[in-house]
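There are two complexes below, and they share subunit A, which is joined by subunit B in the first and by subunit C in the second.
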Partner chain A sequence: MQLITQGAEAHLYKTTYLSPSTPAALKIRPTKPYRHPILDRRLTRARVLQEARCLVRLVREGVNVPAVLAVDWDINNTNNNHSGAGGDVGEGVRGNGAWILMEWIEGCVVRVVIQRWERYIKSRSAAVKLQDNEIEEEEKKVKGLLRRVGAAVGALHKAGVVHGDLTTSNLILRGAEEPAAEGDGEGVSPDMQGEVVLIDFGLASQSIQDEDRAVDLYVLERAFGSTHPRTEPLFGEVLEGYRASYRGSGSVLKRLEDVRMRGRKRSMIG
Partner chain B sequence: MSAPLLETIHLSHLPPSMPVHVALYRDVQNAPYLRQQLMSANAEFEYAFIDASTVISRTHLLSAVFRAVNDYMNGRLKSRNVHSEMVFSLSPATNIAESFRKFGITDSTKDLLVVKLSVTPEITHDSVAAHLGQNVEGTPVPFDDETLSKISDIAKIKKAYKLGALNTTPPNQANGTQDNGMRRLELSVLGAIALRGAT
Partner chain C sequence: MISIGLESSANKLGVGIMVHPDDGKPPQVLANVRHTYVTPPGEGFLPKDTARHHRAWVVKLVKKALREAQVSPKDVDCICFTKGPGMGAPLQSAAIAARMLSLLWGKELVGVNHCVGHIEMGRLITGAQNPVVLYVSGGNTQVIAYSSQRYRIFGETLDIAVGNCLDRFARTLRISNDPAPGYNIEQLAKKGRKLVDLPYTVKGMDISMSGILAAIDGLAVQYGLDGDWNDDEDVANNASTSDDLENAKPTRADLCFSLQETVYSMLVEITERAMAHVGSKDVLIVGGVGCNERLQEMMGIMARDRGGTIHATDERFCIDNGIMIAQAGLLAYKSGSTTALKDSTCTQRFRTDDVFVKWRD
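Presenting the complex of A and B:
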């Protein structure tokens, strides 16, 4: 198993499912030794299940997310207990964490695609004076990608789920090639074909409220501004893609304006 | 009785000492006899006998097997043994008897999937093949997606997983869309299997 990335709550590995030819993503939430055992088991279990439920629902609704292949929300202490019965651990015992096995999405995160594009534009315009039509062509390409990002978020919201942590690192452009090495593929404008797939539902929840949806968009907007300063002026395309994706997007975009005024947290009182 | 086309599979993440043996039969003649052996808990017949019309694909069946074996290894079986648990694991619901009625062998079963886990070293490909060859009266066929697609009853599967609203055959659509619909159905079913019993 190959460790892909590690966050505060979980480790992500690349592994296989059923057969060695089927790649899969394994997200393990290890137990946290500093937490009380009962609380730890409950939190780990609740969070893993929350994530899995959101994903299963989205797959059913046809939204582009990795499918859930298997879940274990309470890895047993007494592993390899082949007796097959009576293995239930008591409430007070510390668990061994939990995991979700998900479909592997082959592609490249949108963050990297846009960063490569920004570098390409920068190096091109330093080398030669870019023609207006070339700039236009390039911008058209990114705008298309951004609209698809907006549409993907819209489809998510339409299905009754909010992501909770939208960034360009949590979006995969399916089929896009990952730069093999640093500086690889430099000097070519990156390919932007392919479906936009949403990943990492660790903070997701089921909600259809305008407020929650608007906060999702706001978080993405802020993340976008800090990760892709050169492309920020085009963020409006994301919102346009979102607007066109489902009924009800209009009131969310209206709410987004309120959220921009005050920030992500609704109430600062108390 | 003909020799079974028994496939022995090593599933990822399960101990190499515990391979799974799977055979698929069509036109089974003695389903009532086989079911009777299960009902009387005949130890010789500790198999998962599954009505193949309820299975979409290899992945579908093997997912249920994987879940059952994982629960077995963690000492969490809800039913009698790991083989009955495989049938139960196909079900999205927590009612064991109902899962047997829906996914298990019935007296009228014609297409049958048989699964056996090597829980002890004595259970090998050859021993399972020999026993099945003597006891299952049916035509052995390969356990692959193409054969399963001819057997599976999509309407029945959708009903069992409460996925009736899911559109698998959009009218007037290109073939690619239809494949997408089946893929979505399969992935939704895998999710339901994985989440069974989550509270």
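Presenting the complex of A and C:
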């Protein structure tokens, strides 16, 4: 097993399933020692089950997400005797975490693709004066990717699920090549073909409320702005892609305007 | 270069004096004095009364700071004041004092963003180079990371700040506001044993706390713990076995404990999510709630598990103070920013990411 990444809640490993040639993603949610054991068990259990339920539903609806292969919400607790849990607790109540095994998606996270593109444009414009048509070509490519991101989120919402933690780290561009090393492939504009696959449903829930959907988009918008400040002006493309993806998107985008106004300490001028 | 900083965005009035030695030695704190407007248990601080307190104290504190620092007005290079965010009337009282000093001494003014002040002071004291910052106080709750000339907000509260949530619950339980309601909650929580179920509201890197406050206020009412203390009341739960504890009625200490465990878990979780997202291993905690030792402990465990370190400071630097304004203001002043007298206003709404950070690359 190879550790791929340590997210906030889980460790992601690359492993195989059934046959050595079938790669799979194993997401282990270790117990969080900083959390109170009762709270930790409650959250870990609720989230891993919710994640599995949402993924199963989305696969059935034909949304681009990894399929679930197996899940265990309480590692090493075969007797499942939790009746004594609670009260003044020692280590006995602390669970051992949970895991979920999923289909392996080959590709590269959208965050890395956009960051590579931003670096490419920066180094290219430093080397030569960019022609208008080249800038236009490059922007068209990114806009196309962002529209597909919007469409992927739309498909998710149409299927009755909200993600809860949409960032460009939680979107995989299928087939895109991971840069082997830092600075690799710097000289070329990155490939942006391929499907956009949504991953990491640890905070997902089933909802068809405009409010929840709008908050989902707001979380993505904020994460995008803080992660890719240079590409932020193009974020509107995501919303355009979203608008075109299903009926009912219009009222969600309208609600998004209300959600934006709620942020704290915004300047009220203008 | 020497700067004097005036801070008054909430119930603390602080005056601080910083020096950045010309020979490139590390900056030094010359004076850090503070006076807090403390209200009786069960009451918050109102803007007009707080402003009256600040107006009454500001001259005394400036004199005291100059005396402690052994600095005379002619040595000072710039006068820094909090431009915002904060409460309007208290902010104005220090801004007026700063303008007066500027005219009296003939020195330049520098308006400072309060949140940036906290971050710069935390960086200076702990030596953290480029950490993810958790800024938690009575009026602010933000997860911040630096990128291209701005402190960018990755996550924040969608409604009330964590300190506000704790302060208001302290009012419900009639806990003393001296020295600070959050400090007294922390002491009480150490005696808590029973964890009550509260909402846990994390939305990506954002959190919401108003529902938690409503839920725990409701529990306090349900168990008759709101209002004044009974003499025969048990502060801590004295159930002897875990089954007894599960069935026991929660005490004030249990409620404080549960509130702290729940909201701090949420804060640590969003901080960890931001660290995973930006790929940083270090975390810096600033703001008044940042001196809570349980929060520091939880954050420390999280950072250790990620192979990183936690940077935190004590109440001298965490709680609102004048030196953080002097520090951030002097950094801005050295990079060429000053505030003209006619622009030396203050504002209740001033986002951390509105500030162009000229002094970092």
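Heads up, the rule we're going with is that the second predicted complex is superposed on the first by the 231 of 270 C-alpha atoms of A that agree within 3 Å, B and C clash if a C-alpha of one lies under 4 Å from a C-alpha of the other, contacts with A are read in each partner's own complex, and residues count from 1 in each chain.
The working rule: contacts are C-beta pairs under 8 Å (C-beta built on N, C-alpha and C of every residue); 3 or more make two chains touch, one makes a residue touch a chain.
Treat the numbers as computed from the prediction; the structure is a model and nothing was measured.
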{"item": "Which of subunit B and subunit C A:Ser19 touches, first, second, both or neither", "value": "first"}
{"item": "Which of subunit B and subunit C A:Ser169 touches, first, second, both or neither", "value": "second"}
{"item": "Touching partner for A:Val112 - first (subunit B), second (subunit C), both, neither", "value": "neither"}
{"item": "Subunit B versus subunit C as contact partner of A:Gln6, first or second or both or neither", "value": "second"}
{"item": "Touched partner set for A:His36, first subunit B, second subunit C, both or neither", "value": "second"}
{"item": "Subunit B versus subunit C as contact partner of A:Pro229, first or second or both or neither", "value": "second"}
{"item": "Subunit B and subunit C footprints on subunit A, overlapping residues", "value": "84, 86-88"}
{"item": "Interfacial residue positions of subunit A with respect to subunit C in the complex", "value": "5-9, 32-36, 38-39, 43, 84, 86-89, 164-167, 169, 203, 215, 219, 222-223, 225-227, 229-230, 262-268"}
{"item": "Subunit B-facing residues of subunit A, complex", "value": "15-20, 22, 49, 52-53, 55-56, 59-60, 62, 67-73, 75-76, 78-88, 103"}
{"item": "In the complex, subunit B residues that touch subunit A", "value": "9, 11-13, 59, 62-63, 66-67, 70, 72-77, 81-82, 119, 163, 166, 184, 187-188, 190-192, 194-195, 198"}
{"item": "Residues of subunit C that touch subunit A when the two form their complex", "value": "85, 140, 145, 147-148, 150, 152-154, 156-158, 193-195, 200, 202-206, 239, 241-246, 261-262, 265, 268-269, 272-273, 275-278, 297-299, 301-302, 305-306, 347-351, 354"}
